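Here chain A shows up in two complexes: once beside chain B, once beside chain C.
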Partner chain A sequence: MTNSMNEAIEALGAFQPTIEVIDEREIKVSVSPDKVISTLELLKSLGYSHLSLLTCIDWIDDNQFELVYILFSWKDGGKFIVSTRIDRNNPRFVTVKEIWPVARFYEREIHEFFGVKFIGNDDMRPLFLELWDDKPPLRKDFDPLEYSKKKFPGREYRKDVLGEAKKIFRGEING
Partner chain B sequence: MKERTIWERIADNLRSRSIWMLHYCTGCGAVELPPSMTSRFDMERFGIMPMATPRQADILLITGYLNTKTLRRVIYTYEQMPDPKYVVGFGSCTINGGIYFDSYATVNRLDYYIPVDVYIAGCMPRPEAILEAFNYLMEKIRKGEANGWKRYKENYEWYKQNQIRSLGEVYVHDEFHE
Partner chain C sequence: MGETKLFFGPNHPGMHGNFSVHMYVEGDIVKRARPVPGFLHRGFEKLMERRYWYSNISLIPRICVPEPDINEICYAMAVEKIAKLEVPERAQWIRMIVLELARIANHIWSVGGIGGPLGLYTASYWGVADRDRILDIFEALTGARIYHMYIIIGGVRKNMTPKIEDMIWKTLDYIESRLPDYENLIFKNRIVHSRLKGRLILTQEQALEMGVTGVGIRATGVEYDIRKVDPYLFYDKVEFEVPTATDGDAFSRLYLKFKEILQSIKIVRQALERMPQSDKVNVSLGKGSGLRRVVPRGMAYAHVESTRGEYGFFVVSDGKNKPYRVAVRGASYPQGLYGIEKYLPGTRIEDVPIWLATMDVCAPEIDR
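After this line comes the complex of A and B, so read on.
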């Protein structure tokens, strides 16, 4: 851990985060949803000013979405992963587009692929999908194979009778 | 089939020797094109040349997976090309969806939406396979068998139905088309 990371962890103490050291320059900080914005602002002021990624994970068994903010420092290459969990049934969170303007695209993407709404960001137009007509595709309860079968007919192959006869002969499958 | 006149046969012979190729590089297979075009395999000795615009191209080469968003643009591109036009489907993704067969966005067979004259199997096909396929296509053009563009006209309704079924709507709404 670099010095500036130690300092940052000390400064974060007030938010009672769960801290997990992943490797030398990478630390995961889990905080409760109401403390995320202040955590992010604090880290930004400490030099972790580059939002590398904002993404979402579907923990379907816990009925939660995990929002993950990855912050990078150009001073010493340190990385903070700030994560929080929100309710999956009513997924809403506040936008960070005031802190990092680029976040509005990440938020559009998460809205499109997970269905999380970001309050304060009213540009929620689809970013990648066109004419999407099902539940958000990266949710764990969405079945891509089923959807693909319904939407995109596949090729039908003739049955390989000879090949199968050989397998039966060799005893690999039951005839 | 109708007997071809001598002029059609001459024209087909000439066509097969100067094919300009629009390479619509959708997928990873496109990385096999630079070696096929440059000095080692040198595609141009067969009269195959890359072309930048659909309005001057004879071949539409689709090098891999197509998702719904891309397919709309591919159909636009195909319809801009003048007759006669040929389509080469490149890589297993165009044949049966390849490793993306169960994706929510990737179409599973190209010939359902636009007519394909030659498929190149493989993930990804080697330059030798590409040249072999082009040789085969030239052969087909000379014999007057590369009739995808005619099939598209004759079965336009069928193709359109398939396109709409999978895409919802073929019309593209973005800043370049409105």
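After this line comes the complex of A and C, so read on.
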């Protein structure tokens, strides 16, 4: 672990994070939702100023969403994975677009694919999907096959690909 | 005169891929610009949750066509980090060679590709033709020209033969001999100078605020390269420079790409010289249903320096034989979405394709 990473961990002590070392230059820090913004601001001031990625994980068994912020330092190459868990039934969280303006688009994406609302980010229009009328598609309980069947009822699904391949192999039909 | 709404893309000769920019223009000045991605969305992240760890290798190169290998390496590195797999040394060197060859191929294509929006078509044809020589190497090495599926979890699929090494040496010599021609055709050309020099200047503060990586930030004088700052594979064991410029304009971004070709050639030559001889190039999958192997619980983020900047994969495993969640960080996400909205207002219509070309906005990695 680099020196500045050790210093950052020490400074983070006040937020009572759960720390998990993944790699010599990669650390996962889990904090409670109310401490995320201060954690991110502190890490940014310590040199971890580049937001590599902002994403979400659907832990359906725990009925929670995990928001993940990946911060990177251009000084020593250290990475911090800051994560927090929020309630899945009423997914709302504070925006970080004031800290990283580009986060606006990541938040829009998460809203579209997971349904998490970001308070303070007024631009929650769909970014990628057009005329989407089902539950957010990256949630674990969304079934693409069911959706396709409902949306395109005339289409044939679950073709016997393996059986057909065997027939071609045996020379019964011309592939 | 009032505002007019103009659609630039997805079907436009100056547009790079299936991407659209809605511009509100007054005269030829862009007043507002709105990026419209989504023409290419194939739901890769969801698809990957429904496939085995090892089968995903054949899916992800499709995310980015000009430089598909970065997907394989990011995914493989993240999974290796979670599963704590030790990759054989020769495989690491081969990975480096493949990555740098892909980098050269993309840079040549993109430097030549500036001919598209500028009407300098000779450059585009040269770019495509010279890139083809590298695709020949890939075909010999992996069996495929574009989607290689060569870098797998735990190493590379098969060994590199002396014949292919020979082929790489010759191709590198050829590419190097072509570089002065490119310099004469593109970088000493008056059209290129008048369209690119002093245009679309991105300052250092703006680049840092936007989170732009790659040539976008290096053109503002900052030496930020993941291969140097956070070295993966053996990038800390080879000598190469990170070219920078101070102007921050479109011309210096394009010229940096051109300069990086030479650095990549240097890296590949060193790798070919220092690569140890060995037959072991991957971690054996074991007998039976090796493909359905499980990966222990955990999460990891792996990133590499692609030609467009930082490219990364965030992978989560819940201890089963399929990934629980995979998130892709597209390198052109900041400049392709936030950059367009924030930066393009105030510029002229003709500058929009130049921004997309010199910033290398790659639609499929934004959409995924």
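Side notes on the structure shown:
Assume the second predicted complex is superposed on the first by the 151 of 175 C-alpha atoms of A that agree within 3 Å, B and C clash if a C-alpha of one lies under 4 Å from a C-alpha of the other, contacts with A are read in each partner's own complex, and residues count from 1 in each chain.
Here, a contact is a pair of C-beta atoms (placed from the backbone, for glycine too) under 8 Å apart; a residue touches a chain by one contact, two chains touch by 3 or more.
Remember, it's a predicted structure, so these values are computed and weren't measured experimentally.
Shared-chain residue A:Val94: touches no atom of chain B or chain C.
Counting the residues of chain A touched by each of chain B and chain C gives the higher count for C. When the shared chain is aligned, chain B comes close enough to touch A:Asp133, but chain C does not. Within the superposed three-chain model, A:Ser148 lies in touch with chain B and out of touch with chain C [touch as defined at top]. Using the contact criterion defined above for the overlaid structures, shared-chain residue A:Met124 touches neither chain B nor chain C, since it reaches no partner. Contact with neither chain B nor chain C is seen for A:Leu42 once the two complexes are overlaid on the shared chain. When the shared chain is aligned, chain C comes close enough to touch A:Thr55, but chain B does not. Taken together, the two complexes place residues 128-130, 137, 144 of chain A in contact with chain B and also with chain C. Contacts from chain C toward chain A in the complex involve residues 37-38, 41, 43, 45-46, 81, 208-211, 213, 222, 224, 226, 229-231, 298-301, 303, 310, 312, 314, 316, 324-325, 327, 329, 333-334, 337-338, 342, 367. Contact residues on chain A toward chain C in their complex (touch as defined above): 22-23, 25-26, 28, 49-53, 55, 57-58, 68, 70, 72, 74-77, 79, 81, 100-102, 104-106, 127-130, 137-138, 144.
Remark: chain B residues 68-69, 72, 95-97, 101-109, 112, 162, 165-169, 173 touch chain A in the complex.
Those residues of chain A lying in contact with chain B across their complex are 128-131, 133-134, 137, 142, 144-145, 147-148, 151-155.
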